[in-house]
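Next come two complexes, and both contain chain A; in the first it sits with chain B, in the second with chain C.
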Partner chain A sequence: MNVQEIVAKADLVVDASGLGCPMPVVRAKKGIDTLQSGQIMVLKATDRGSLKDVPAWVQQTRHTLEEVVEGDGEYIFVVRKG
Partner chain B sequence: MAKRVAIIASGGGLETAYKTFNIALAGAAMDAEVAIFFTFEGLPIVHKQGPSMLKLKPENEPMAEGFARTNVPPIDQLIEAAKESGIRLIACQMTVDALGWKADDFIDGVEFAGAATFLDYAMEAQVTLNF
Partner chain C sequence: MRTDSVQKVTIETLVEAMQQPGGVFILDVRNREDYDAWKIESHHVTSRNIPYFDFLEEDERLFSDLPQDRPIYTVCAKGGSSEYVAQILSEKGYHVYSVSGGMEAWSQYYHPQIVYEDEKLKLVQFIRLGKGCLTYMLMSEGEAMIVDALRRVDFYEAYAEKEGVTIKHVIDTHIHADHISGGQKLAERVGATYYVSSHDVFEHGGSMRFEPLEKHSTLRVGSVEVDVIVIPTPGHTPGSTSLLIDKRFFLSGDTVFVSGLGRPDLGGRVEEWARDLYRTVSQKLSDLDDAVWVLPAHYAHFTEINEDGIVGAKLGELRRFNELLREMDEDVFTKAVEASASTERPPNFDKIIAINVGKLSVTPEDEIELEIGPNRCAVHHATA
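Coming up: the complex of A and B.
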């Protein structure tokens, strides 16, 4: 699946591009709180730490990381709300 | 049991503010309850004039450029995010009194309490940190 397809099927897209640690997970939390269980949030980030931090955040918050797409200095995380 | 993080911010300078709010905000994003006890040199972090009182240590000044380059948010934005996240900000009453500061000198949402209040909270915490 390409990035556009992923974004198109998301219930919510949260763009944390350009934000440093810890803002990507802060924005992720704020975003996912607006969704229902089972819905999909796409999180975009450029912070290099987010590659490890978003999976750690998902682990602690009992959501599911469905996919990670990396390219052009941008990371796209597809998270299903638990 | 609910996840709980208890942080003491007692160090001076802008460094302490960044270290403290970075971990506090990540904790809150991970669905933990978070409280920060501001004491001694850490107290100015929650003072209304905090942004002008807090400086990087001279040896850390080169970090300012790096913070700008990597879009690390200014402290007042981190404090706003902390309040939005429900993080408790507790100013050490004893330090407040010793410095002759008043409740009005502090940003909105700050609680005033002492060591026992912090410990009562921290006894049930899985993570305790001191910056």
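Coming up: the complex of A and C.
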């Protein structure tokens, strides 16, 4: 699945590109709070720290990290709300 | 979010506080994996790890472990998340400081500590607390020699200026694999000579300007009789060299550490180099007096910093505590060193070597990134 397809399927896209730590996770948390259980959030980030922090954050929640796409200095996280 | 009310402090301020009675309480807000791999450790540091994203949920239990009667220093990777958490804590009434630059700044900080000083010479050890690297500056009669300089050469230049000395000699005891050397750059900037063993440079196919260290048996610093005797000590790398200053201070490079010996496994020829290391230990070191101070280029753990704040020990002490410095049967020695050898490489070790022999050049940002994290150059005491 390419990035366009992933984004097209999302219920919400949170763009944290260009933002440093902690903002990608802070924005993701705010975003996912607006969704219903089972809905999909796509988070875009460029901060390298998010590669470890987003999975670590998701792990402590009831949500599920469905996919991580890495490329071109950009990271795409697909999170299903629990 | 009001961030203006958060008090920020530099790494220097944190290190000063670490040396006060009572020490410091550090709240590290990085993810658990990064915290477990590498964190601020020292005597008198109490450290807790609560990832910043845990604070996104309103959970009062998070705060149960945090002290209300002493300052809390928050730390993260670069200083953003620690500020975020400091804000939350500050609003709850905690006395909190966010450490600017986080672990990146910690990795880049060098702490100067005077090893010895009299009217003839002054020897300073620069301790890179975040990584366990040590640089030395020997001063005498307005001249200076710097051994195993790290990449922030402006730091040594400023120190030399403050001391009113001219840097004449810049030496690397070997080609480093775990951190980027500032040796060549420093020598160029101050017009000093840069020395390193040509064995090490050629081993890695290097292409840079240097003076072969093995060509010199003595170097002079100052007009006073301060002899620097070059003692080739293969083992860690085939060209490793140690320096004996004034017959009293043995700068051992990565050959002998306070907690053990150098890793002979970094070049892939463990047995051959273990035997070289044996010859060094049994022949070269056995001539040195028990009263000689051993001052290495690295340390593996903060407990190697002694009560005077330096990393070093008298050779006699090391002989008492490290059987590898006493055990003189070649096969027993080689087996013990081989058994403690590991396949774990320092992070980015190929690239760092290429930079240190002049084959590769990267941006300053990439340099910082390449050498971040703990040091893995020391073999621990074989029984540890």
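The rule is simple: the second predicted complex is superposed on the first by the 82 of 82 C-alpha atoms of A that agree within 3 Å, B and C clash if a C-alpha of one lies under 4 Å from a C-alpha of the other, contacts with A are read in each partner's own complex, and residues count from 1 in each chain.
Everything below uses one rule, namely that a residue touches a chain if its C-beta (ideal position, glycine included) is under 8 Å from a C-beta of that chain, and two chains touch if they have at least 3 such contacts.
These numbers come from a predicted model, not from an experiment.
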First (chain B), second (chain C), both or neither touched by A:K52: second
First, second, both or neither for A:K29, with chain B first and chain C second: both
Touch count on chain A, higher of chain B and chain C: B
Which of chain B and chain C A:G18 touches, first, second, both or neither: first
Contacts of A:Q60 with chain B and chain C, given as first, second, both or neither: both
Common interface residues of chain A - those touching chain B in one complex and chain C in the other: 20-23, 25-26, 29, 53, 56-57, 60
Residues of chain B defined as touching chain A within the complex: 3, 22-23, 25-26, 28-32, 67, 70-73, 81, 84-85
In the complex, chain A residues that touch chain C: 20-23, 25-26, 29, 49, 52-53, 56-57, 60
Parts of chain A lying in touch with chain B, wherever the complex brings them together: 18-23, 25-26, 28-30, 47, 53, 56-57, 60-61
Contact set on chain C toward chain A in their complex: 31-34, 51-54, 56, 76-78, 80-81, 84
